[in-house]
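Next come two complexes built around chain A: one with chain B, the other with chain C.
Presenting the complex of A and B:
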């Protein structure tokens, strides 16, 4: 279980997150919904330690992540597919994937994981020697996900994996995310595409203006007036 | 760690041959009596290769642009000078001490800059510059070190085995260059290097995927400082009169950047290429009496390299090595046979090679043997069926014997039948 408890974050004076608590169970997909500017990306960054937090804690299977140096976080099982992919664009597809398995914990299995990633994303295998910066948007998104999987995470944070993808690729991407849980990975999925997200998510949270305003399992969220009106336009 | 993966036997063989040939050169000089100046020239090439490579393993690999090369180079230079001139040390033991001093300066600087969070690349560049200038000012004003008058470094003792001063500088310069290049090569091919490259491309993400960024930056900075200082220590012997202008001036800092950018920062032999090229150009311009115009030529090379060769010469050379190398060989052999001195011939060879390097692909013969598994655009039948066609084409080409002759892109025979 990845547990976020009372988390707060701020950029200078501007408070972005206030007392956010949520939990991400293993092998499940947890959705994080909310309008633009609600603080979803900040939350993902704060959990992954890409930015400092001002209050609260993040614990992964009982381990307080704040106690670890940042580069050790991935070793205890947390990986992130960040907003905007942030690939190593000057490196090849294969080098990006290899770097994904940089941590000691994931290295011994790097070869098998890479075969698995190539198996799931044949496009990446075709382009393994190509520079990541020359890939199309969809391919880059696949590579970002592949790089995240290379770390053999127990929990994976994904920020807008469908951003900029064609409808067909978006559907494929959601199928892939859905299949990740079969590996036992717990996913925290941040998405604009609420309809598709709620198709695959087990439960979810709604973040507005830096605070959690609603949570529940898929049926509860789908049945909620607020969500139907604000996000599904039903 | 797989040694065969890091050191492919073929690559090792090529470099060993070059190394042994260079080792034998002073002996050959003794026998044939070719100009001694060539050895002095080669020492300077080795010196710049060491300096540029030491800069590049930090700044090229990790992306932290340093303007403080002088802090290490000058630190090493003064270490050898002071130990040699005031304490009568032999030359050889001063070099490891110089390396230690350089490593120490780098380590302390690193602690300061890398522990302060959110220190951006620009601030790092300015900070390293300030460290170099600060140490320079300290040496300039502190009598125990220099005090502003400069120090004359007399003849230092060294093992007789190394020959006269010119030969000794040559052998030791070569040794340091080989150590620096080996370090650059091993780092590039190791996990450590992969981590550094990740830091250069996106440090936050590098950290998130498990790269211990602080430790890596400290380590490479320290190694870089040690190499630069050892090389600076040896160079003190060549310079003879050491002042803070020589040790802590901006010349070295600017030149190592220039060489690495022109040669290419993403590859271990980029600084080597840049150092060889720029030292040769500088030497020939000075030899021809145009030392002042040299800066204009260097500026032109830098502009051309940054505009047209994004990854420097090495990136383009890795993509398509054969035409420029052939251009170099033709240019070199042509001018050498015509009776010009070797260095002048090398300069002409480089000029031809560079011109060929800048020629866009479409003006060159179809890529083939020198690409690794690169298939023609839209090529579908790359396999057995095309084999016979290829053979015939190769026959035509070889008959022509003009492998690097610019081909007419419209000519149907040049279009591969794939």
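Presenting the complex of A and C:
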């Protein structure tokens, strides 16, 4: 279980997150919904220790992540597919994947994991020697996901993985995300595409203005007036 | 024909000296945000160590690399620890290392005085003998240093391209946050790179200790040409460093042969200026560009 408890974060004086608590169980998809500017990306960064937190804690299967130096967070099982992909654009597709398995915990199995990733994304295999920056948007998104999987994470944070993808690719991406849980990976999925997200998520949270305003399993969220009006436009 | 071949051989030999001198500086600048002016001091100190061990200790000067290479590596490590501990930015490193340069110069002047120091010829067979291939003669020392340069630059290239350390440091330069999130520990990788850069300074020092009559200020005449090689070579690009060292070495060699030897260094700097006017990014590409947000 990845547990976020009472988390707060601020950029200088501006408080972005206030008393956020949520849990991401293993092997399940947890959705994080909310309008632009609600603080979703900040929350993802705070969980991954990419920005400092001002209150609360993040624990992964009992390990307090704040106690670890940033480069060791991945070793205990947390990987991120960040907003905007943030690939190593001047390195090849293969090198990006190798970087995903850079940590001590995942490097020994890098070769077998890479075969699995290539199996799942044959497109990446075709382009393995190409610089990541020359890939199309969809391919880059696949690579960002592949890089995340290379870390053999127990929990994967995904921030807007469908951003900028065509409808067809978006559908494929959601199928992929849903298949990741079969590996036992717990996914925290941040998405604008609420309809598709609620098709695959097991449960979810709604973040507005830096606070969790609603949570529940898929049926509860789909049945909620607030969600139907604000996010599904029904 | 013989003259042309001889000119080529001299150019290659100079390229060897310049590339082994420049590679450490290029790595530090391109990967660690350190413009290490003290690299020149590390080289000169190593040269004096080679001189001292050989002239007074009776060592074969080439074997002194077992001392100078670790010494250079330690100096590189020490500087890197200092830079990361005090979080000195790239411009700051230029100032700090220039200060170090002046301190080293004063220290070496105290230790070895301003007198010329030269390893006696009878102890320095590499300087006095020559490698003769057909009609061409190259100093044995320059032949050895060219091989050293080739091995060093190719070794660094291999490390950067084909090892986890190399991949990690390249990734960090491009996307520091993501590299860290995937387990890259910059501090320890930076120490590896700084140590390697320092080790190349030690190697260069041994070569120059055998090649030059040492004075505490002798290294100053190398500054411009070595920076020229670094800038034209594309930062942290070992193949580029060899390429730009070759261009500059050849310009010097041709100028020496067909014009005036006194103009050789000047000609090399004119080439630098012309090249930077038309290709401000250098003749070769930088190994990795930093991420721009």
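Following the convention adopted for this analysis, the second predicted complex is superposed on the first by the 234 of 234 C-alpha atoms of A that agree within 3 Å, B and C clash if a C-alpha of one lies under 4 Å from a C-alpha of the other, contacts with A are read in each partner's own complex, and residues count from 1 in each chain.
FYI, contacts are C-beta pairs under 8 Å (C-beta built on N, C-alpha and C of every residue); 3 or more make two chains touch, one makes a residue touch a chain.
Small disclaimer: the values here were computed from a predicted structure and weren't measured.
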Clash or fit, chain B versus chain C on superposed chain A: clash
First, second, both or neither for A:26, with chain B first and chain C second: neither
Chain B versus chain C as contact partner of A:68, first or second or both or neither: neither
Which superposed partner A:88 touches (first chain B, second chain C, both, neither): both
Doubly contacted residues of chain A, that is, touched by chain B and again by chain C: 48-50, 69-75, 79-80, 82, 86, 88-91, 95, 98-100, 102-104, 106, 147, 151
Parts of chain C lying in touch with chain A, wherever the complex brings them together: 164, 167-168, 170-171, 174-175, 177-186, 288-289
Of all residues in chain A, those that touch chain B in their complex: 48-50, 69-75, 79-80, 82, 86, 88-91, 95, 98-100, 102-104, 106, 147, 151
Chain A - residues contacting chain C, complex: 48-50, 69-75, 79-80, 82, 86-91, 95, 98-100, 102-104, 106-107, 147, 151
Complex interface listing, chain B residues touching chain A: 191, 194-195, 197-198, 201-202, 204-213, 266
